[in-house]
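Heads up, the next two complexes both have chain A, just with different partners, chain B and then chain C.
Up next is the complex of A and B:
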C-alpha cells in the first residue's frame, strides 16, 4: 500500500512540473503486468470469455432453449456428426439432442454471470462492513470481525452446502428463484474475505496523515471513508476480487454438479458436466470433457490475471 | 501455556454452542419431513401420531432444548430414513472419510513441500515457473471435473483402476476399519485421494514457495551461509523449520477442508463416507443425519483449530508470549 501511496504523491508533484516524465501508477502497473507473458495470455483469455458471454446468442450455431429446433433424434451424436436440421455439431450433442457447443456458450454466460454478479454484491457488502469495522473500531469492529473469523474457519463449500440444503426448494420452484438462491449463497460465502482484506488495509491507512487532515477539515465520516480511505485500499481488493470471482464460478459449478445449484432450466457449465457424468461410463466423453475445458479455460484465465496482479500490486515484492 | 489452553477451550465451547443453534435453527426450516415419512394414504390420525413420535409438534425452543440435552448425552436423534441413531450412521462412515482425507493429506505434503521449496529457492528458473503455473492449474481445476476425468482416463479408457467404492478387503486396526492394508484397497483409494489432494497440493506448494522466498532473505539464513554451512543444512534446518509455521497452520485447517471437500469426491467415486451420506440425506430431508453431520464437522473444526493454535505456539514462541500478555 505504501508504495502505491508514494507513487500517487510522486505523480501529483510531477503533474505540477509539467515536463517531468514520471510514470503514472496505472502505466507502471500495466507495464509490470505485461512483463509476464503467461499473465498476458490470461488477460487475453479473460477478454475472449467476456466476448463470448456478451455476444453468445449471436455466436452460438443453434438456440439450445428453442424446443422446436431441438430434436431428440439428435441425442448423443459424437463430435463432428451432422444433426437432423443440417447443422454440424462440432462438439457433439448432449442427452437431450442439444448442440453441445451452443449449450456451452449459453452455459458460460450463466456461469460467468452468477460468478461476477455474486462477486460484486459480496464486494459491496464486504467492503462496507470491513470499512465500518476499521473506521469505527471498538465494539463494532469486534462484532464484525468475530463473525468473519467464525465464518472463515469453515470451508466455503460447507457453508454453501448448509445454506442451500436449508433453503432447498421443491421441484416446482421457478428457475429464477434458484438462480437468486445460489447467488445469495455465494455472496454469503464470499463477503467475509472482502471484509477482512479491506479492514486490514484500512487499519493501516487510517493512521496516515491525509486521513487526519481530512478529519481536521471536519469532513463527514462518509466522505472521509469513501473519498479518502477507500481509494487507497483498492489494490488488495482488486486482487481478492479476481481470485474470488474464479472461486465463485468454480463453487457454483461444484454445487450445480451436486444437484444443489442451478436447475435444469438454467444449465450452467457445472450442470452440463453433471448431465454428462451419466454417460461417462459408456465412453461418451464429450458431454463432460468440453464443458469442463471451457470452465477450466475461464477459471485459469482469471486466476492467471489475479496471480500476476497480486505480484504487481504488492509493494513488498517491488524492487 | 495452561491459561492459553483453558481460554482457547472456553472459546471453542462457545463456538460449538453458537453453531449448534445456527445449525439446528437452519435445519429446522428445511421442508416438512413428514411428507416423506408418512405414507400418502395415511389418515390424519396416523400422520399426527408420526409427528408426535418425532417430537415435531413442539415449538422451536422446546425442540432445541431437547436436542441440546440429548446431544450432551451423545444422542443426536434417530435417522428418519434408516431408523438408526444418526450419530452411529456418521461414526460408521467416518473411518472411510478419514482414510481418504489422510491419504490426500499425505500426498499434498510429500509432493507439495519439496516442490514449493524448489520453486522458492530459484524463483526465476524455468522449472520454478513451470511448478507455479502448474499450481495455478491445480487451484483452478474444479475438483469434480478432475474426478470425472480421472475416472474417464484410468477406469474407462485404460481400465487400470476401479472407479467406485473402497474395495471388499477391509481389515481392522485397533478397531478401526481400513482398506489401506491391501493392494486392492490402495487401488481403490488412489484415484479419489489424488483427486481430493490436488487443490491442497497446490496450496501447500504455493505456501512453501512464498515462505522460502521470504525466509532466504532473512539475516539468520545469511548468517548460516556465512558460517559456511552446507546448502543442505541451511535448507533443511534453517529454511524448512521456519516455513513450517504457516504450512502447519494451513495443513491443520485444510485437513478440515479435506473432510468437507470429500463431499464432492465421495459423490463422484461412490466412496462410502460421511460426505456421500450428507448429500443423500439432504436429498431425503433426513434432518437428524444432517444435523448430526454438521455437529460432528463443527466439533472437528473446533478441535483442529485448537490443535493448530497449540502447535503454532509450540513452533513459534512469539505467539505464546503475546497470548499470555493479552
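Up next is the complex of A and C:
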C-alpha cells in the first residue's frame, strides 16, 4: 500500500518537473547546473576571467605593451619588489622588465580573445557545413564529412604549425596580423569538430515530424535548416563550444610557447610561460609559475562549466 | 679503521693515476648544430669549430687567436708578394693516404669554386696563386704584398683530393655536401675521426691514432650533443649527462658559480653585437612616421640621426641588466687587445637630451617610427637585447617595434630579401672577426658592398665611403704591422666615429661550464673544441 502511494508521489513530482521544464527550459538548466558545487565554482572562475579580460586595461597597474613605459632596468624583480616608477610588482617582473601581473592580465585578454574569437568563427563555419551535410545528405554529405574526417585525422598542433609557417606577412605587416593568423589557424583546426557534432544531432532531428511539416509547407531549405533544425540542435553545440574554447586557449599557448605566434613585445600567457622557461634553472620561478597558474585556472574553469553543461543538456543523462 | 680508510684513499688515488691510460670518453652539450660537415658549405661558427676536429688547417689559431703552424711546419714571406709554406712530414689523412701539396691546392680550388653552399669562403682564397715546389713545399703569391696570408689560411681546411671523384671537371668535384654528412668524404688529417652524425641529436668523433701535428688529443671518443634549449643544456650538465656545455645562459651563471660540482670558464670573444642602419634606400620599408605611414625620405641616411640613436642606447645598463654583467660595452669592432683597434673610440655615452638635440638639428624634432629586427636564437640574449633597444628608443621619442625570429629565417631575409636586397631597415647582428684583427669586420661590414670584389658581403646597411675603402685597401697591402694597425684604426675612426656606419653595442663574453675535474680554456673565437678541454690538475 504505502509503496504504491510513494510511487505515485514520485511520478507526480517528475511530471511537475517536466511541466516546469517545458515552461522555462533555461530555469531548469540553471537549477540543474547549480546542483553541482564544483560547476558553480567553475562558472565563478569563468566570470572572473571574463571580467578581468574585459576590464583588463583598467585593472592592470601598468601597460606592459607600451614599450616606452616598460624598462629593462626593472627586469627580474622578485614578487613584491618595487619598480623604478614606484609601482609594486606584486608578482615580480619578467626578463624585459614588464610587471608580471599586468602582463598576465593583458596576456589573458589575448588568450581568451583568441580562444573565443576563433571558437565563434569555427562554430559558424562548422555548423553551416554540418547542417548542410545532414539536411541534403547524399553526395554533399559525403564530400563534407570526408573533408571533416581528413581534417580530424591530423593532430591539431601540426596543422596549426604548418599554417603559421606557410602564411607569411608582407614587409609592413601590421601588429594585429599576427593575432589574425593565430585565429585563422585555430579556426582551421576546430571547425571540423563543430561540423561533425551538429551533423550528428541534425540527422536525428531531420527525421522528426516538425521538419516534415515545414517541408510540406514548402518553406525554403534555408529557412527549414536555420529556423527549424538549428535551434533544436543547439544543445550539443554549446557543450562542444565550451570545450573547444578551452582547447583553443591551450593550443594558442602551445603555439606561443613554441615561438610561433604573437610578437615578442606583446606576450600572451603561453609566450610569458615560454619566456620564463629561460629562467627555470636560475630559481626565478615566478616568471613561469604565475602565468602557468593563470592558464591552468582559466582552462580548468571553462572545462568544469563545459562538463556540467554536457550533463545538464544531454537528455539521456536526465533523471 | 684508519687502515681501511687509508686503503680506500689509496684505491682512489690509484684509480686517478690509472685514469689517463684507460679509454677516456667525453660528452659535450653544445647549443648549435653545424649545418654541414662539408668544410666549404657554410662559413659559420659552429661548422668551423666542429669540422676543425676532423680537417686540419695549414695554420691555426690558439685560444687567443694567435697564429701557430698546424699542417704547415713553418711559413715565411720569401719576398714582398710570395709566402712559402713547408708542410709537416708524415701527415696522413684518416684513410691512410699521405697529405701533400696537391691536396692543399685541391682544397683551395674547391673552397674557391664551390657553389653549392650557403656562404662562400672566396673572400679568403681570392687573388692567391698556389704553386707546388715539391710535395711538402708550397708557394702562395699575390699581386700586391699581403701580410694577412697566414690569417686567411686559418679558414681553409685541407681535404683529401682522393677522397672521392678526383679530377672531375666541375669545381664541386663530384662531391656533394651529403657525402660529408654521412662520412664518405669526411677524410681529414685532424686529431679526430668522424664516426657518425645523427641529425638533431649528436656527432660522434674518435681519436685518430696516427695524428701528426701540434693539437692535443686528450679524449678517445668525443660525443657532441645538440641541446639548443638553454635550461635543458644546464640541466644536462647538472644531471651528469654531459661533461661540458657551451653558451651557458647568463641567467644561470650566478647559480652555477655557487655549485661545487661545476667549474666555469669565460672570456671576451672577438664578437661585437651591433646595429646596421639602412643608409642606401630613400624609402626604407621599416622607417615610418610615428603613426606608421611611409616617410618621403629616410632619416637613417643622416649621420646625425644615426649618432642620436647611438646616444639613446644605454650600453652599461644593457650589459648590467640584460646581459647580467657578462659582456663589455662596445665602441668599435673589436675589444681591447685585438690588432687594428682605434685608440680614440669609446662606447657612446648615454645622453637622451643630446640625442634629441641632434635629432632636431637633423630635422626630426618629433622623432619618427622604427622597427628593429633581430634573431632570437643566435647570440646571447639576442631577443632581450632587441627588446631593450626598443624600450630605450621608444622612451626617447622614437617609437620602435620589435620583431624577432629564428636565425634560419632571419639571416637570409636580413641579407637578401625577396628582391635580393636587405629586407629590413634596422637590424641587430653580431660579427666575430675570423682573422682575429680589424680588417675582417671592416672589409665585411663597412666597406662598400661589391660582390665581385668580395667586400661588404655582410654590409646590410650598405655604408659606403671611398676614404674607408681606400684605407682598408692600403692596410691590406701594408706589410709593416705598426703602419697597418694605424691604417685600420684610421678606417675605423672614419667608418664608425664619423659616419656612424654601424652602432656597436657590446662585445660578447662567452661562458663554458664543465663538471668539476675538467677545465676548458676559453676561446676568443667562441669555438667549443674537444681538444681544448682537459682534465684539471
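The rule is short, and it goes like this: the second predicted complex is superposed on the first by the 287 of 319 C-alpha atoms of A that agree within 3 Å, B and C clash if a C-alpha of one lies under 4 Å from a C-alpha of the other, contacts with A are read in each partner's own complex, and residues count from 1 in each chain.
One rule holds in what follows: contacts are C-beta pairs under 8 Å (C-beta built on N, C-alpha and C of every residue); 3 or more make two chains touch, one makes a residue touch a chain.
Here the structure is a predicted model, which means the values were calculated and not measured.
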Contacts of A:265 with chain B and chain C, given as first, second, both or neither: second
Chain B versus chain C as contact partner of A:155, first or second or both or neither: first
Partner chain in contact with A:132 - chain B first, chain C second, else both or neither: neither
Partner chain(s) touched by A:295 [first = chain B, second = chain C, both, neither]: first
Partner chain in contact with A:183 - chain B first, chain C second, else both or neither: neither
Touching partner for A:309 - first (chain B), second (chain C), both, neither: neither
Larger contact residue set on chain A - chain B or chain C: B
Which of chain B and chain C A:281 touches, first, second, both or neither: both
Overlap of the chain B and chain C footprints on chain A, listed as residue numbers: 259, 277, 280-281, 283
In the complex, chain C residues that touch chain A: 230-231, 234-235, 238, 249, 251-252, 254-255, 285-286, 292, 317-318, 321-322, 376, 383-384, 386-388, 390-391, 394-395, 399-404, 406, 417, 423
Footprint of chain B on chain A - complex, ascending: 38, 150, 153-155, 157-158, 161-163, 165-168, 170, 246, 250, 253-254, 257-260, 270, 273, 276-277, 280-281, 283, 285, 288-289, 292, 295-296, 299-300, 303-304, 307
Contacting residues of chain B [partner chain A, same complex]: 15, 18, 23, 26-27, 29-31, 129, 133, 136-137, 139-145, 148-149, 151-152, 156-157, 163, 253, 256-257, 260-261, 263-264, 267-268, 278-279, 282-283, 285, 290, 294, 297, 301, 305
Footprint of chain C on chain A - complex, ascending: 66-73, 75-76, 95-97, 171-172, 174-175, 259, 263-265, 277-284
